[in-house]
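Mind looking over this structure? Questions follow.
Chain naming follows the written order as A, B, C and D, and within any one chain the residues start at number 1.
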């Protein structure tokens, strides 16, 4: 595993625990890689890795390494992933796939090539493994919503609400690529694609920076990424999705909220209440219709049987355990894990279109879906 | 109508508006009766009454008066109601039926006699006319909950939470009969009986006064009624209900909450969200079970078609309009309105048993149900 | 009053009851006007009007008529309102102000002229009189949210969700002007303007019709208005509002929802829970911050003291009672009631800009605010 | 650790992960003990234990074992705990402390003796480590609720709702001691004691079995424990708590709900929404009072800083990680961990009083608090 910060901690937790709950092929937590030898050594010890290293290239050369989990910052994804795939390692990469569309395309091409040789790859959209959202996808796929027309997706946080909150690399376009757009709209858009199994054809977008400068180490610095983003997406199947994300929605901590309205039913979700799914079945008699709060914590629900008895709820980190479980199971079965780099690229293209539209006064932009490009 | 305070205002509103929404027999708002001539005159003008009077006895002698609505304080109910029934007037009396069990029994006997001559009577448990609770009763009667086992009924308010809140007649046993018990537990207990269509056979009760004295007009005065009450009720059909009421539940304003658990389903209600009913259908697949929030505001729901389009919600006062509508319709049809004085008496007997048990260290007390007494 | 359908019923209820709750100048419910003599006669009797008439022009000539309440369809607003103002009658007109921008401008000009002679006018955005929203405005005006950045406004209904639901005049552009846009986005946009006391400078919009034809009286007919609309609005003060409305959001009955995020606090509202306001105070210690559910039903809250004790909740129709109360009070005091026709025109201009943007592939459109035009 | 079933799995998870998140003294997961050699071997491997054993007595003799974590069934607690303490091992025992009051007293005596020699002990009421409940205790201790008057505690589950659900050892008084009472009322009562830091002086109780026989391996068997229990508790400080627990509350999965009402504020909690605490501050202006939903997921909240960024919510299992962390920290510091066996005994005495009262027609029973007995 490469990277030991927030995502490194979360992925380590998943690797450390997955085999205690799920039947997965045997594996060992071999090497944790990071730039700072002291910190990576401490993290390796703390998070259950047998060794540590500071040079990811040399680790890729080892024969006893079969899987590479990339939790490094986005701008490093492409180089590491392409090299790892070339070295025949299965690759899991954190989202977003890359900071630029060009990198994402190169990674996807590398993944396709590698796949022919049985070398697998996966993009870490962990929220696909929230049991409530996995259940949502099942219900939609079974036709329980009928024709889906509206999706309202939002991802609202507030950690930048204070305008005195300091400048960081995340607020600089060169290091971060974008702001709320790449960081959290990517999750919201991936959910739209995942839940509907559909593709975006058209985008109108808008970006805004509410606080244009912030205190830096050496005085005031300019914020060069978006604080918030808005978009409407046309889906190939005829639905329209609105997307709104912000890091300034005071009081919203991690509110990825989804509302999906079909002609036979509707679904509601809020990541802050991760164990719940709202479902309205419009085929029931009107007299008894209503949004029901399903506590997605029964053995009948995706992933849940492996954990605790009903009503003993799960948390955010479990999504990574599920992700690693599915990744290992797919590799073991010789099948491509999902979501693929293509799925990651599809999200990147929508993000790029939002940015392009925002630069064109929000005018609608066509999106060519990668899966139509003859993979 | 006799009485022009809180209940007088609420009943007047219902009389003034019922014919604008429901098809009811024609009637006129004739006379408002109260002790203070000036105030009753002003109230009559304000609330739509053609005349006012200060002597209820003389009004009972008038031939052009056919209905008497008693909104006077509880200690006056028995005398007025018995006289009105004897005078051949249909009677609607606010809850509780009376301050003492003896009065309630006398009133019920009078109502039974009068009924033989086509003179009708009704006790004003207005929450039976909340559309959500009327729907709840329908669902239970249809067997949607299966065998009901648990009922959790509470009525929580907080207007006495401040211990400096002054002494009033409501806190004196002589004038009020009891405290939270008669005032709000009566509603909670009536709902248990109404929703289940069942009778209480056994009671364990507890009463408590948290603030034993309060500032009065002439210095500190002793509070002689309960601030809060607890009870468990055994129902003839095998269910057990818990009841908890308080005027000191800080933050609860008018929270009559009901939870009803059967082996096939459950219901939830909170009067502060009067337009909603929670319903869980346990006969659905486990995967999709959950409490649904039914917005009880569709034409298919009880009483609602008369009002506004779906989702244009109703308030507290509408329960009285529904009550008057049902009262008028029953009289017009020559059938006894419901709930009857017998229903009011049944509640009184449970209240008396709670008090008796509380005086006997909460030991269980048998309750003889009035309907078994050979009416 | 002109018109006796849905809005006529709601306004009549307000006129019939306002004086029972509020101290308003004396008035009489004189004449109800409608085209169908039989129906208007029945409605007049039912709703408390002394007389009825079928020709609104002749009623405008009467000296004993001082106020005209226009509840007729939108395409009739301009003609009646201009004539009524010219006849020296105070005018209340239901929203939207008019079906076209030209009509709205003519009405506003007429209102300005009349105002000079003490003839008042008001547009019926009744949701400004929801106690929770009036409280929201107070909190914002007091600076409790600090700098407002984000507003998320939606109005979701589902009465057109069924594609077999028949064609009506409301789905025909000629008679209705627009669909969800004029009908419900108007409310959402008015709330943005009302709550922030701000003006819209720029709009990106999108309209969509999900069901393009419906069964009509003589076979399939084309739907020529929008089923749903999306917009982002730039406000002069720097905030950005998103607006999303639909008549096809299955399970949403009357969900005007508002989320307002400032740097010091945030507010939440949902019309389906009309008695509640969500408020987060970000100036409190982080440890105890959270969205609180204020039950806006205390004497301290706008309009509430006139009604019932705390926790005895109000419904949808009460907004009109408050509106009539404020209208009468303003007329009595010789001051212009609010919201004015100018306020109605401001909303119309935003609606027109949404439509213009929608026709220009969602590209941003500048909006000139009417108040800057030297009224 | 002794026991590898549900609690064994949960405790193992905590031992396996605690050092990855918290700074705790170094330790090793040495031996897992269970009766079935095959199963305990598999569980040891799966849950991260270096060895396994089938005889707990021989393990107690080992010098390299310093801590014993007892997750065996309740009827084994006393024997193992007393032996382990005598052997100088620190002991953590799952709740309830024991199946009988006599056993609990013996264990508490042993714990007191051992404590003199620096041998520590702890009872595993893990819900004291829910961050929201730890925060609740802080707020109460700081006086934010003022004088607490009412507590409403309930623990509702539904896994016995189906009357065809089979007989198990948990439904047999000989093996289980009691039903819902010992299993879940113990948690509810411990929370009352924990949150208020108070003691119970008086109890009225009631027990009921709704389904008296169930299908067993050899035909119908009698259920000899309670399905549900009700109690009111008088607290030394003057508050009154109601407790209601059931395994037949259809739709409630793991609903430990708490409502605490003081004269200055109130608190709400539901274990199914484990990351949230409801708080009403009655010292704020009435106009802005309301129950706020605190997402207890900020670094400022108990235990949370060790985990993930704000809004990345925790689950049920984390309570054990916190418990182990506090246990290790206390041992390391040479201080008695909390809750102690005395705390466990206090709960047992209340449970015994509930049973005694239930057998005496719910009449109030005095409870002598163990801490007053001159420890």
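Everything below uses one rule, namely that a residue touches a chain if its C-beta (ideal position, glycine included) is under 8 Å from a C-beta of that chain, and two chains touch if they have at least 3 such contacts.
These figures come from a predicted structure and were not determined experimentally.
Visitor: Taking all residue numbers at the chain C to chain D contact, is the shared part over half or under half, that is, same or different?
Guide: same
Visitor: If you take the mean of the Cα atoms for each chain, which one ends up farthest from chain A?
Guide: Farthest from chain A by mean C-alpha position: B.
Visitor: Report, in whole Å, the distance between the mean C-alpha point of chain A and the mean C-alpha point of chain D.
Guide: That pair's centroid distance is 37 Å.
Visitor: Can you check how far apart chain C and chain D are, centre to centre, with Cα atoms defining each centre and the answer in Å?
Guide: 54
Visitor: Counting only Cα atoms for the centres, state how far chain B is from chain D in Å.
Guide: Centres of chain B and chain D (C-alpha means) sit 41 Å apart.
Visitor: What are the residues of chain C that contact at least two other chains?
Guide: If we look for residues of chain C contacting two or more partner chains, we find 252, 280, 289-291, 295, 298.
Visitor: Which residues of chain C touch chain D in the complex?
Guide: Chain C reaches chain D through residues 135, 139, 277, 279-281, 285-295, 298, 300-301.
Visitor: Once bound in the complex, which stretches of chain A touch chain C?
Guide: Contacts found on chain A: 149-150, 152, 154, 158, 161-163, 204, 206, 208, 210, 228, 230, 232, 238, 240, 242, 244, 246, 248-252, 259, 261-266, 280, 282, 289-291, 357, 360-364.
Visitor: Touching chain C in the complex: which residues of chain B?
Guide: 6, 9-10, 12-13, 16-17, 19-20, 46-48, 157, 159, 252-255, 271-275, 295, 297-298, 307-318
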